[in-house]
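Two complexes are shown next, each including chain A; its partner changes from chain B in the first to chain C in the second.
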Partner chain A sequence: MKKVKDQAIWFILPSAIGFIIFFIFPFIISLGYAFLDKPVGGQFVWFQNFIGLFQNSSYQKALRNTAIFMGLCVPLNILCSLGISMVIKNVKRYKQLFTLVFLIPLVIPSGSMVFFWKMMFANDGFINGIIVNLGGSAIHWLETGWALFVIVLIFIWKNLGYNIVLLIAGISSIPKDYYEAASMDGASKWQSFKFITLPYLVPTFVLTTLMSVINSFKVFKEIYLITGDYPHESIYMLQHFMNNMFSSLNYQKLTTATTVLVIGITLITMGLFKIERRVAE
Partner chain B sequence: MRKNYAILIVLSVIFILPLLITITNSFMSEAEIWLNYTTKLSTFDLVGGITQKFVKFVLIPASVTLSQYIAVLFEQPTFIVLLMNSIKITLPVVLGNTAVSLLCAYAFTIWKWKHKEKFFFVYIIVMLMPLQAVLVPNYIIADWMNIKTSYLAIILPGIFSPFGVFLLRQSMKAIPKEYFEAAKIDGASDWYIFLHIVLPQMKSGIAALSMLVFIEYWNLVEQVIVFIKDYYKEPLSVFLSRIADGQIGLIFAASCVFMFLPLWFLAMGQRNLEKGIELSGVK
Partner chain C sequence: MKKTVVSGLLVATIALTTLAGCGTKTVTDYKKIMDSDVSGEITVSCYDSTIYKSYLEKAANLFEEKYPGTKVNVESAGAMPEVKTQQDGGKTLVVVTAGGNDQQAKDDYVSRVNTEIMSGGGADILAMDVLPYYKYADNGQLEDLNNFIQNDPDYNKADYTENILDATAYKGGQYIFPMDYTFNYLTYDSSLMADFPAQDKLTYQDVINAAKDGSASTGNKIFGQSAYSVQKGTSFFEKAYSLDYTDFVDIINKKVDFTGGEFAGLLETVKSYADSGWINPANVTAAETSREMSLDKFATDNAEKYYAKFNSSLNLVNQFTRNLGTKTNVIRLAGSGGSSENDEIAGLVSNDKDEVHFSYAQSYGINSNSKNKRTAWEFVKFLASDEMQSSGLGSPDSIPINNNAKGKIASMLITGEAMQKRAAASGLAGNGQEVSKELTPEQQQALGNYMETLDKFTKLLNKYDVHDEKIDNMVITEVKNFFTGEKTADEVAKTLQSKVELYLNE
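Here is the complex of A and B:
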């Protein structure tokens, strides 16, 4: 028998070097900038940049809007996808086909749908045409607080499929015997949903919540492509704020905002995992 | 039972309608597009007593023509240039990320270093960061390397993105450990095991990853705004919204050409995409 050396290190090296150069190293540099008063020859200023950032009214608006958007989208997305997954699970034929329908919006590039959405929600767009023909008055969808509603709608359209795939996999992994035992005990459909399906899906819910939170940042693509550089203030998101800082190359604001976001996402992730562990016990 | 099908069919129609209208209208003549999608009033309208016009969505064009596609593919050199830009960014990322991630995922599978899970955890944390959190570090390093306005600023972080490592490691867990051990005892090198035992069993994992990466980079927006300052270097993903503002006579065909590849991949490998989504869940 020949002795074989552990060659794992050669396999990991390409990825590890690139990962450290393009992610870890600049993350650390970025963290450093967040505590300096200017990028070149700056002094350590403790949390001054953070205080300045949170006092910035554009940042407050961006943070609030991003939070509101997530607060609406994440639960709505999970509720809708749960409903649809249960229905798909209950039909006997064409399951794959129905899942396919909900996956299509996920793969279509946002740019390909821009013109459609614009024509749908423009002031003289399709929806306003219907409203006016029915005797109502036109709504300025993208130039008022309704913009948030429109964006939520488009987000749900695009992202339902992702959760549906995860939930169908979750539902399929629940042992069938549980439902049979429950129905023998005379449990109604609603009861077995409430006492078997829901509790068993908790890990899946944690997962879909996490993925929805992360994916909800991607809605910037639609907002930017449909409404351009200057959207209505109800859909002014974190990425808009970052773009403004990029164009003025404000390193302090950029790196501080990045640090806050990294901490925020890490806390949310840890919180969700803690919930999952508690439920598992 | 009937009710379930009815719900699903109604929902499916609603979900598919934006796509359907985009596809059917790509066969519409330019004149008909202007008629349906412009709402400026002509003197003709005013005489007829029409005071306000709205956009009309028409599912079936009055006359079917390929003129939009001919205009987009043969008469608009910019469109092809921008489509090529999308390919120039997406292809290296998909190939590079898959290759690098395959090697790394294999290393994490066979590595016996006691801190490897901790190191892997760093990959997961970075993977969970939304693009907005990664863009600034990407910008800093691109600035240092002086590649700020080149595609490399987008491609290189894409190749080393930790997501692929995570996904493929998840997928590799399905291969029984005994395979590796048996081969090791027979004196096979890690390279041999990687090429002849692991790779053949990773086909669907690789397909799932390349599909997810492709979809993401084909739909590139944020990085373009930050890094690409020249219109003609933009990928089509961003430029389509500019076409939508101007040449509405060919926007539908342009949209269809751009979404053809992702839709085709979905049709070919729906199961792979689903698998990719299932595996990408952190558990």
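Here is the complex of A and C:
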């Protein structure tokens, strides 16, 4: 056992070194800025920056929006992908084709994808064209409260395939014998779904939730490309705040916000793993 | 357990090393700085490559001669301006399009300077052409020039236009030193309204009241401006907006008020002016096409008559010299036009708070990271010196901040010397006509009258607004939706309120 452990270290080492040099070390350095009043020749100010950050109205807005966005996207994404993967699982033919279709959005570069969504939702875009033709009045999709739904739609469209693949793998790994035994005992389809599929998918759910949470932070790229650095207030995310802090050279606020984010993600991850362990037991 | 302690210690050590050295704040001793010698190398960085660069390069040469052992590097990032000339019947039309009107290039320059400053470096002197100086001042990255002024026995306050310097102070500190100032004044066409009551300060409403009946019967527009124009800084909307700017955006106190009704009211008012035929309708076509200018278009524009016109202080001298037969040049700012033959000075535009705005063409700040602040300050002072300011280089049309240079520049403008220099600087051949540097008695008289008016107007200037490129761009982009009819005034106001609020409170 000890030998295996020793060997494992050598396999982990290359990526561990890279991770430490390019992620951990810069993070620790940036942590230093979070406790200074200004980046050059600054004074140590304890938690002043953190207090300031939580009092900052733009940050509060970003925090709230990110939470709302995650609260909408993560469950919605898992529900949709679970539904679709169950359907794909039960389809008799062209299984791979269906999976592939949902994977396509993942491999389309953001740039070209953004172009498509802009065409759809622009003020004189495709959807407004249909609405106007049907006799309605055009909606400013990206400059009103609708913007949040547009972004949720884009997020789900983009990340559905990824979760589907994970869930199909999870579903496939459930031994067929369980279902057979259940049907022998007279269980309905719904019952076997509820008592076999769902419980056995819990580890996969934890993984997909985690990936969705992380991916929901990545949606910034698309929002930024569609609406710029100051979008409608309902889709102003934490990343907007951090990106803007970077470009306006406010390193203290930037690093403070990063620190809070890292702590937040760590807590979420720890919480999810705890849930998984409890359910597994 | 052992492992956790070790890694914990490791993290703590690294964290402490990064924090070490940040504990003490050094207090800069300006007296000591001012007692040191002017020597060594400094760098000046600017974006603009037209006015700033030529002025700086000339100044750098003269400065190096005056202070042996110094070296001044000039860095500029903007593209060269596009200069197109057309000639017809002894007239030359020069259209200068600022090549630096590229937003991406500007943003790149700003972020480059930001990064340099953040890493503790950057040029010693920063030209405040596109940089958001108030942010630098807030973050302590610009020197308060008062520290140098107070410790410099050679600095004579009376040499500079005091109210201009005072009005450019920010939160009690003098972070920028403007080299010059420009302001707008209104003129009225005396052939259309002979009895217009000219006064020192007036409002748009005064002009409209005096001209609206005439305008209705003759069909001439009151103002030549478009209600809105994609070409920045030229529309009637922007003029009216910047007049009440601090009501909407108060950068110093981080207050934003677009939704209070005043802004929507302003949009509606400007639109109603266009609808009443008092100003030109909004121009919402692409900036590139609206910028095209030809001699024909120039001539048509010149034949147009308007009741009143916005004029820049650049043209103020022409008001006094046009009957002298001296060769003068008319500087046509983008967006203005019309015959200026019968124009008389109507007065300065002020808002309801009695504020009269001015602006500058050039100004400079000193980087707090500079290792050679003594030389940097001396160079800034040199840029504002009589010698440089009366050289007729750089921005010869704006009014020098240096009081001694004002008269010299004015007489150069009157004799036509300034114009020749400018033609030479932009690579145009002169007409071979030598200009006399001596003033004729009539010219002497014109100079006296001009200086008197200039002095009177200068004393009335009291407001310099801290603008932010980013906010200005948000406004101009969003307001377009109102003039194209895509959004109502309230919708535009609401969008701007949330965007600008987000930006300012970040």
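Everything below uses one rule, namely that the second predicted complex is superposed on the first by the 262 of 281 C-alpha atoms of A that agree within 3 Å, B and C clash if a C-alpha of one lies under 4 Å from a C-alpha of the other, contacts with A are read in each partner's own complex, and residues count from 1 in each chain.
We adopt the following convention: contacts are C-beta pairs under 8 Å (C-beta built on N, C-alpha and C of every residue); 3 or more make two chains touch, one makes a residue touch a chain.
What you see is a predicted model; the values in this text were computed from it and never measured.
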Which superposed partner A:Ser173 touches (first chain B, second chain C, both, neither): neither
Partner chain(s) touched by A:Phe115 [first = chain B, second = chain C, both, neither]: first
Which of chain B and chain C A:Ile29 touches, first, second, both or neither: both
Touching partner for A:Asn56 - first (chain B), second (chain C), both, neither: second
Partner chain(s) touched by A:Tyr230 [first = chain B, second = chain C, both, neither]: second
Residues of chain A contacting chain B in one complex and chain C in the other: 25, 29
Contact footprint of chain B on chain A as seen in their complex: 1-2, 4, 6-12, 14-16, 18-19, 21-27, 29-30, 33, 84, 87-88, 90-92, 96, 98-120, 122, 124-126, 128-129, 132, 157, 160, 162, 165-166, 169, 203, 207, 210-211, 214, 217-218, 220-221, 224-226, 228, 238-239, 242-243, 246, 254-255, 257-258, 261-262, 265-266, 269
Complex contacts: residues of chain C adjacent to chain A: 11, 14-15, 18-19, 22-23, 25-26, 111, 114-115, 117-118, 120, 132, 135, 139-141, 368-369, 474, 486-487, 491, 495, 498-499, 501-503, 505-506
Chain B residues touching chain A - in the complex, by the definition given at the top: 1, 4-5, 7-8, 11-12, 15-16, 18-19, 21-22, 37, 39, 52-57, 100-101, 103-104, 106-108, 110-113, 122-123, 125-126, 128-141, 156-157, 159-160, 162, 165, 184-185, 187-191, 194, 215, 218-219, 221-222, 225-226, 236-241, 244, 248, 251-252, 255-256, 258-259, 262-263, 265-266, 270, 273-274, 277-278, 280-283
Touch list for chain A against partner chain C, complex: 25, 28-29, 31-32, 35-36, 38-44, 56-59, 61, 123, 140, 143, 230, 232-233, 236, 241, 244-245, 247-251, 253
